[in-house]
């Protein structure tokens, strides 16, 4: 059948990077489609990754659309599919379908200061938009990243972070004191207050654990950010990815199709079901 | 985490495997199996070069796990696990696929054999894939033993263990050690004096610096597990300080109370303050507070008045002694089945019907009659004496189903001894059949019949009753086929042996199981006759089943050897393939606790908890658990599921 | 097209439709169910509500999306199964169930078209039967925008008259079905038409159950997300899947891989119905569950049907068939729940 | 016979006095005549309490919810829950006690005796009263029911409309209770496993044909599992994912969730599901037959459990739900357990 | 000529008796059909009914559970629990119409190599006329 949304396209893993080791391991995969794929995505969109025999998992695309050579996914090992992904090696084949979701409204952000606030694996969806903004730096005002995790070992994109420090403000944090850690110690929302970004002509984009998002939004509001200046992403269990199978809804919205990116102005009107 | 890399090694075993299994094909098929990154075959995998290949392959191919397809795991599992260890891998990352005994040797068709060998190997690959890395569980050993019961078995076990250099706590519930053996007159078949051969051992116990003797004491509580038990022992007050007592016997002379003597089985009396028997160990008097007119307040106190050394101490209190030990030997012995159970033989009410042990005392030179055989009712010498065998034994309907084993022999001995004492007397023995297996036993019985003219009557006695001053015995002689009536002067019942009083209570304390007759169960009837089901607990003597002295001694030494085996180690190692609880799934239904043969599972805060030291990893709990909340490490349902899949070619 | 078909002639019509796979209600020991009809003469159209609606045919509980295997050279092959469906006629469909199909059409025709659904749907012809008497004691179609003689979703609707059926076709597909046996149909007379209309209006009066002012419920629901009502109403809910699986409108599904072999890998990706009353429906693999309890799941069911669906598709996702009420093992009655919502705070 | 007023009074006493936190009982539905489960939190609500032959539900089921709710609370109300319990249901209480799932002090049991009859079978009632609208069914002192329809009251022999399981019941009165209403009623059915005989006499092929047809119908709504007081596992073999997931649950454990049964409702998977369920209920099922009643697809599920109940009795002399102190059927054995099937 | 049907059998053998008995059959070079794939378990008591059902589900034509004789269990009493559990499962499978021949239990001691081969031979002979097991088999 033409346009059968349920059959994934075959892609090859071309690169694997260990981001975080241990029980909550994170790996970053780069994939390339076998043939011409016609796959174009927007920042913040996700894709359904298939490990055949295990199932599918919705993972946000962490590469920027301007990087057309490959798709990049950072995956936290948590269940059947992600564990199988973590066992894969370069050259192995996976299935990909998508892209799904609404993406960040970056067209509306031209000329604005962008403040990215991330925690843990939450940097992944931010990364695509951050890379895009860095790629067209002249289109935007100041770029700032406030990012943290429990320990320095749990930070993703460690090398890349060092790289972008030259081009934008990067404020890292870890939850507790560590040897040789010279940056901020404390939770991400506190680091945000500490860095005190101005709401003037700014958009804040936050992604991370729900508890972090909750306090980041509160602190942003305290800093004077309006609800429509705050963007965040929502996660729910998904299966079809195309708004039919019925499980990812929050209110009348299907996160897979209508989300996962919401401004706080939109999201706060929806029921707390995520 | 990367995907685990598995190596497969197919052994030719010369032509033993390669003769009927195409080993190249097996190696080739396995090389394509999911997870397998290295697959090779070799002529003798277990040879030094073969093992070396494994070690090298692990290093070269960065293998995480190894399957060796070869002979039965019973043969070379440890060989290959050691090889894997040599390559710095965990031994439990190696599994054996049996393609010899269970394949090549039984399937001569090459095609069939090869196909099956592939499936067997794949099945084992699926198992090893999900094996955890495990280390043997190690526990320190408290190098002391507890021996419960101070009869000949307990004495023997205590001496053997103590002589190997380990401390022993010997607990006996009565005031002296010696057990039933010390009550016997002579022993079959050699007729040597029982007391003469036992007392040296008793003295040795009392003098042994490694033995701590606790008489008049009972084990009340035992906790812990093999190597690390804790016991609470109740020491009852004797009111006499054994160190001060000089055995002068002045106290008994003034004691106004007479009660039946336990040692003499009621054939005579003793005072409330007494020594159980002259050779008692510990050699001291004790005051029986149930017989004494009163201690609180002191009602009489005469004994203390006459005790020059001041050994009597009315203020003694029960005392709880706590001991830490590593092993326990249970040697609690037997008691005789109670005569009062025997309605057909007068419920024990006829004065001239006695049991075998009483007759022993009657024959004993140190007994109540100084070895003169006279009957209790009128102290006359019995001229017609009837022995009845199988009194209570081999009678599944009414009494004990089992054979008490020693009665044939001691009855024969009794009859012989009687004839030695009363030359003009006639002894009759009613028997079902004569069981005289044992060194010199059959000859002994023949001597009784032939030399001493004891009349053996094959048949049962239907009734025994008082008839004037005679005891009338009605029986049948089934060989002659006629009824028999004997006007006996004395009747001796060879009563069945029962587990000693308190066995059931002790079994509960030790969490040891009893067999259907109430004796302690051995772990295996053939191969583990001295071990109990519980690790670190051993059984000796008649506590396990009726047996005679040499058997009891042999088993006691066996139990001691097993105990020493544990005590001689500083730490115990135990297979780490033990049950593990998923506490999130457990609801505390206790089914696993019920089925565990090792008492390894308990419920703590409503959730099952496994004592890894006790767990043998059999997995019965896991198959019983409805909630899949318990499984055995490296034998998990997930592994079995994958193995089933692989075995069927999935 | 409007025709008259005598009751006796019904089997003959079916015989003419031998090119189609025909499903019709079949009487079982204690219930009715749709089954492939192998003997046309055995057709009976006096059926009560079938346990399952024709949803089970158009949107089957299990559907293979594709078969997959690992091929030589570390490549993945995915292949759709060979088409098994042929043109299908479902006979005796009740108007509520046809309405259910129209609701599912909306869902599967969203931004992304569900081709598996449409392949079957496009090959299916729905021949309905107006309900002269309510087929279930819990019918309440009138309250949710339907009626016992609603034509929505039908290619053909038949109305039972004394000795005949009044047959109305609303689509080309329906016309074709009639024309395949043109000679056994006759043209309706004026009194036939009157009889039909009378049957229709009488049937409405026979409905026992109604919800007044249902239109006030959707707006009200918008503010009732945090209401304690859900906890109260769900106390006896056992969280089974009866209400949703039997519902002619519920469309939620799951996708799973079923392996035939692990090594070499082969298997199928399969769609199965799923349902919002099961706890695993929304549970994240982290263990977090946005709908952690039965109250939140009952709320989802009501909200979806009478709030979210209304927002998205301008219709109630309920056709008043009464199955969920009839079959609920603990007597949860959606009408009662809706009335409580309606009257909440009054 | 239980006087409803007595039951209400007993319930009121314990609810008013605060002995129990609430009472699980029965009430009339908004429409129809079959009683539905009801939760009474206030004494005045108890006016709605009913007890009649339509009180089919085994309310013991709700003790699962109560337990799970309590586990989630920091300072739970430790008072017992009052629960109306029939003879069969009382054995379910006993099984839960035997399995330490609940404590005796968690429940206050208002025992009600079924007297000489039992519960009606809705399917039989519907057949018997084709199309008539029933408003009420009542117990009688004899072996009959009084059925009130729009056409008036009629007396119906119990045998015509009551559940098969009730004809095979030997515990018409609760075996455990705090109060007992309606007195002890002893029932000695001629053949407590009679309903199985027809099935057992079938040939192997006929049995398979029967069950294939029945179980192929299964839509895996899991109503049988959900309504069963014994199915209290947090995770079931048919679940596709782990439910007992906590922050400390490793990804491997979730990845290794075994798919014993696929979600597809195909014949084979349905069989495995129902076989596992039957086996897991062996020695635990009290024949409340709620699974069969709840089944929307009309599958005679009770047969499976009844068969194992029969074999447990025949082979192992095991009775379910009488003695809470003995080990369960499958966590015990006797030396003389039959083994003639073993080679 | 049609090829004779070769049943696929999964055998759960306890390590101490039945697997050892099977080893003995090997050591004694006793020939028997190759239709059985053994899965060694520590004790027959660890064989959950789920394993047996799962084997049928995955395509086994026959399933064998073999353990130590009563009283001889290496783990004291695991085989007694197994005996009870399997009796129930057997009754159940029989009740739903699965051919009773397809599911077997045996006691095979470590000394009974001969018996092991007999059990397998008999089992294969009984299964051959039944043909493939499709009743509980997935996609069957």
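We call the chains A, B, C, D and E, going by the order they appear; numbering starts again at 1 in every chain.
Basically, contacts are C-beta pairs under 8 Å (C-beta built on N, C-alpha and C of every residue); 3 or more make two chains touch, one makes a residue touch a chain.
These numbers were taken from a predicted model, which means no experiment stands behind them.
Asks: Report the chain whose CA-based centre is farthest from the CA-based centre of subunit C.
Replies: It is B whose centre lies farthest from that of subunit C.
Asks: Give the chain pair, either A-B or A-D, that is connected by more C-beta contacts.
Replies: A-D
Asks: From the centre of subunit E, which other chain's Cα mean sits the farthest off?
Replies: So the farthest one, by centre of C-alpha atoms, is A.
Asks: So, what's the distance in Å between the C-alpha centres of subunit D and subunit B?
Replies: Each chain's C-alpha centroid was found; their separation is 47 Å.
Asks: Need the CA-centroid distance for the pair subunit B / subunit C, whole Å please.
Replies: Comparing mean C-alpha positions, subunit C is 71 Å from subunit B.
Asks: Need the CA-centroid distance for the pair subunit A / subunit C, whole Å please.
Replies: Comparing mean C-alpha positions, subunit C is 39 Å from subunit A.
Asks: Rounded to the nearest whole Å, what is the centre-to-centre distance of subunit D and subunit E, using the mean of the C-alpha atoms as each centre?
Replies: Centre-to-centre distance between subunit D and subunit E: 35 Å.
Asks: Residues of subunit D that touch two or more other chains: which are they?
Replies: As it turns out, subunit D has residues touching two or more other chains at 237, 241, 245-246, 249, 254, 260, 262, 266, 330-332, 335.
Asks: Residues of subunit E that touch two or more other chains: which are they?
Replies: Residues 49-50, 54, 77, 81, 85, 138-139 of subunit E each touch two or more of the other chains.
Asks: Could you list the positions in subunit A whose residues touch two or more of the other chains?
Replies: In subunit A, 77-80, 82-83 touch at least two other chains.
Asks: Which part of subunit E faces subunit B closely enough to touch in the complex?
Replies: Interface residues on the subunit E side: 8, 10, 19-20, 22-27, 29-34, 37-43, 45-51, 54-55, 58-60, 71-72, 74-78, 81-82, 85, 117.
Asks: Touching residues of subunit B toward subunit A in the complex: what are they?
Replies: Per the stated touch rule, the residues are 1-3.
Asks: Sort out for me which residues of subunit A touch subunit B in the complex.
Replies: Touching subunit B: residues 25, 77, 83, 86-89 of subunit A.
Asks: Mind pulling up the subunit C residues that touch subunit A in the complex?
Replies: 65-66, 68, 70, 74-76, 78, 80, 107-108, 110-116, 119, 225, 251-257, 259, 262, 265, 267, 269, 271, 274, 276, 281-286, 288, 290-291, 296, 300, 303-304, 307-309, 311-312
Asks: Quick one: in the complex, what on subunit B touches subunit C?
Replies: On the subunit B side, the touching residues are 32-35, 122, 642, 645-646, 649-650.
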